[in-house]
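This report refers to the structure that appears directly beneath it.
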Amino acid sequence: MKLRTFWRENSTVVTFIGLLAILSVLGWIFMGQKPFVRTTLSGLTLAALYFMVAAGLTLVFGLMDVLNFSQGSMFMIGAYAGWQFYTNPTFLFGLAPLILAPIAGLAASQWIHPLVVNWKVPENRQKELQALFIVLALIVGLVAVWGVDFRGLAETAMVATMVAADPLAEATPQEPLGSFWFRPVLLLIAGLLIAVAQARPGDKTKVVYKDMIRNSRILVVVLLVLALGAALIREPGPIAVLQMGGNLRFVLSLIVGILVGGGLGAVIEATLISPLYVRPLYQIIVTMGLAFVIAELIQVLWDPLPYAMSRPPAFAQPGKAENILAWFRGGNTTVDILGVTFPSYRIFIIVLGVLMFVGLAVILRYTRLGMIIRAGVQDREMVEALGINVRRVFTMVFALGTGLAALGGIGAAPFIPVEPIMGDKFLMQGFITVVIGGMGSTTGAAVGALLLGLARAFGDYLALKFSLTPAISEASTVIIMAIVLLARPAGLLGRKE
Amino acid sequence: MSDENNHILTVDTIHTYIGQFHILEGISLTVRSNSITVLLGRNGAGKTTTLKSILGLTPPREGKITFNGKEIQGKRAFDIAAMGIGYVPEHRAIFRNLTVAENLRIAERKKGDLERRSEFIFGLFPDLKRLYKLPGNHLSGGQQQMLAVARALVADNVLLLIDEPSEGLAPILIEQMMEAIRELSAATTVLLVEQNFIMASQLGEDYYIIDDGKTVHHGTMDALVEDQELIHQYLGASVRVRGGER
Amino acid sequence: MSETTDNVKGTSTKQRTSNNPLLIWLKKNWGTLLLLAGLILFPYIFSLISGTPVSEGPPKFWQGQFIVIFIMAVYAMSYDLLLGYTGVLSFGHAAFFGGGAYAMALFITHVAPNIISSYRITLGSVNVTEAILVLVGFVLAVGVSVVLGLLFSAVSARVKGAYFAMITLAMAEAIHILSKATDFVEWTGADEGLHGVPIPAWINPTQFRLRFYFVALAFAVIMYLVTRRIVNSPTGRIFVALRENESRVQMIGYNPAVYRSIAFIVAAVIAGLAGGLYALWTMSATPTMTGSGLTMDALIMSILGGIGALTGPMLGAVLMEFLGHFFYQWFGARWPLVFGVIFIALVIFLPYGIVGTWQLRSRQVQQGWRRLLRPLRIEKQSE
């Protein structure tokens, strides 16, 4: 009985694993050990990257029915942010106070609520008052950022990479604090104005619980402290980061990547996606436009050139480690796995992908947010009827998805070129992954990513062996998708409707 | 005027459209505190839509809804629900891929809600305690329905909107469900949609009959039970189906 | 109230002019006709204004811009047939356009020269071999489009919504990969694409720009008329019904899959023809023409102008080309950034596109006027 229910629920995954096992044995026998292991490992590397993009796509679509075309761009932004932070973080440090300050203001929404709820605003004017506050906020915000040398800040890392000079020797284009301080302050005010609008002044039916107010207060204080800190360490910060050990810097840049990606995702959802839930088609179009804008923005800041981020020292010592343990001690560029010399950084990517999958599974299984996501994928209306602010959950899930993609991008940056077209490339693969795996299923995304990554790697191998073109392996992904969809229109693990 | 204060929910001629279809064409009703009010009517008359309109899931375009002295029409569904309305949808819409425990936990609005209320909930539905760790899709239909009701009891709700709790249940389970609803109505107000006239007539104190998106009749249940003509005029089909074929 | 007065007014105008159908037609379409006349005269007027001969300098340049606009307008219109009328979100439209372009370019580069060297078709004393071959090229473009359209609609019968969108994207990507695959390098030129396609001299866009201008204009007009005919036909009405409520269409006895296939094939053929003409205009066929960027263009033009009305996407095409031209001058190579930001703002604030919003506004303005005038009218009546 137990076995039967287990089979009923997991037949696809079990079948898939079984098939993979059979194929592996066949591959091992017919290809020989070394080529098989090498191809499998490259396939897994690709699979890990595809999963990082697809995980967010599938979550966001499953819960909110939003097809996020900017997911590839988030991957790309992660890569650029990581590369910047690792090479010369001046740009990020320069922007940090400008970004943290308005968010601190925004977070005060619940805190402000009790103050503004008793304003005497006639009901038909409430919407107009909100709009007025938002317009004011935009004006203040524009004044605040007028004249910031974004491009100069962006160039610091570019110069460092291209000239390969000592990055510390580069003069920083940061404004002195004396003339800079008003920018974050104005942005804070802009954020507060929007927070007032969000608190819906005069609207007595908005329910804000005491603990929400307390949380909001804590968040605002934390963000304010962070913003203040960021404003103060704008100039010494980059130098301090560059003086850190490479490995520590790399770990930090991973964290920065998640924060940048997640934060940006939250802002995008709150400002661009959420007004359009009544017009779903336009959500897709907005994210497409966004992908377009982000790619252009990146070209404005860093020119349409490919950059290479250097690997952190833990993966950069010359020579080959005999096994994984030896790599831990030596930090070599390559490592010997079952007789195959394989770049150690790619092993890291595979591990990162697996960690991400496990982490996501843990979040989905054991946290309240995960519970709401799982419930919402099935019946969004009922979640709403329980009094859960689904809009806020949407924002969080969107941010989670983009954060994961950005983390993926930063992980990928040291071994693929960091360039403005990487977003589109990975978006396409992410889509195919999600379609194969089934929308809304994280496990499906993992299965799809594995299938695609391995198909690409073995396709390349076969193409090389039989002197075919790489187009075969490129097209193989589409062919796999077609086959899967013919058999199962909702993808391997998609919900059936 | 004192009567006014006793009303926890007042719905004043609401009009609801779904797509281009005019579903509710002026529904008005009032629900007294700590009572059970039953919405009756044929299939497709607009009973479910009425509940959903109150909750803001299908927001009405016109009309006024007052809950606990506050106007709630045009608010977002989760804001309305958070004001203290519990919803038990039709078709036993529990979260099938969540466990029983999670199904209850998700309904918490404040930490500790479930712990505080668990004794009451398990008192009403002892089965759920035994099934606590099981995924929702392993439950039988009756158990799912109980879970759906229990879910609405986790948070401090002053009004429960219950949509066809007896739908597809075995008679013995209907008895149990009726008992549970009667028991919980001691502390909260219930607005019930029910096709099973026997159940409705035994539970309800007030009734409203909805036909073609309009409230056509209302009064106390005792009066309705006497009025065979009215029953046949508006509910004839459904009563006959329940009484005759099953 | 206002509706009834409208009706009365409508019937009265009809009664006044119903004796002459031509006059009604003229009255109804005077705007379109004026526009058409303007476009026909445009090269001459422009050369008069700028003081340069009609086939040189700025007039020639702007004729080129307009040729692109005409072709893109048709392409965007074909996309709207799917998105706006049938309600199908497809991200594979570039496959049709590129397919047409490649069909035309491949035929003229690899097949046509052999035929020209061995056959000679004359009409009277005029050698029409080349003209017929160009027509054959278009027929081939149609053939390729029909095949692709069938392929896409076969998928659409099985998969819906967002899935379908992503699958079309992937299918178009497969075509894109095919177009730049190195296996067929001696045929397609792989990454480089086909360049210097030996198109017949009499239509050569560099030598006879003005002639090509009129060809493109005629093409756009004909395609517009054909599409309008389709949209207003019973079949077209079923397209719209599909968009509104598919199960209803099924209920009244039409097979949604069949009609969606028809929509796909029609859209594919129109896009393919536009692609064929574009190949003639650029004398090339490159992988960009099958790339997802071109699908994006179709979508942007449709949204910009407003979906669900044929004039919307056409206006969108005009705007996009013009804005592209001027933004490039104002903002340099990174003009798409500005364009993208404007696009996002438009999507959020002008949900019906420019044409849609304009129609809505003008109706509102009319109603506003009527409301203003109503008290006056009552006064008049009482007098």
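Note that the chains are named A, B and C in the order they appear, and that numbering of residues resets to 1 at the start of each chain.
We take it that a contact is a pair of C-beta atoms (placed from the backbone, for glycine too) under 8 Å apart; a residue touches a chain by one contact, two chains touch by 3 or more.
Please read all numbers here as calculations on a predicted model, not as lab measurements.
Peer 1: Taking each chain's centre as the mean of its C-alpha atoms, which one ends up farthest from the centre of chain C?
Peer 2: B
Peer 1: Average the C-alpha coordinates of each chain, average all protein C-alpha coordinates together, and give the chain whose average is closest to the overall one.
Peer 2: A
Peer 1: Would you kindly tell me how far, in whole Å, the mean C-alpha position of chain C lies from that of chain B?
Peer 2: The mean C-alpha positions of chain B and chain C differ by 53 Å.
Peer 1: When the centre of a chain is set as the mean of its C-alpha atoms, what distance in Å lies between chain A and chain B?
Peer 2: Each chain's C-alpha centroid was found; their separation is 42 Å.
Peer 1: Roughly how far is chain A from chain C, centre to centre by C-alpha average, rounded to an integer in Å?
Peer 2: 37
Peer 1: Which residues of chain C are in contact with two or more other chains?
Peer 2: Not one residue in chain C touches at least two other chains.
Peer 1: Which part of chain B faces chain A closely enough to touch in the complex?
Peer 2: 55, 57, 70-72, 75-79, 81-83, 85, 87, 89, 93, 95-98, 102, 105-107, 109-110, 138, 151, 155
Peer 1: Sort out for me which residues of chain C touch chain A in the complex.
Peer 2: 89, 155, 158-159, 162-163, 165-167, 169-171, 173-174, 177-178, 180-183, 292, 296, 299-300, 303, 334, 336-337, 340-341, 343-344, 347-348, 351
Peer 1: Going by the contact rule set out above, which residues of chain A touch chain C in the complex?
Peer 2: 61, 65, 67, 272, 275-276, 279, 281-282, 284-286, 288-290, 292-293, 296-297, 299-300, 424, 428, 431-432, 434-435, 439, 468-471, 474-475, 477-479, 481, 485-486, 489-491
Peer 1: Tell me, which parts of chain A touch chain B in their complex?
Peer 2: That would be residues 5, 204-207, 209, 211, 368, 371-372, 374-375, 377-379, 381-391 of chain A.
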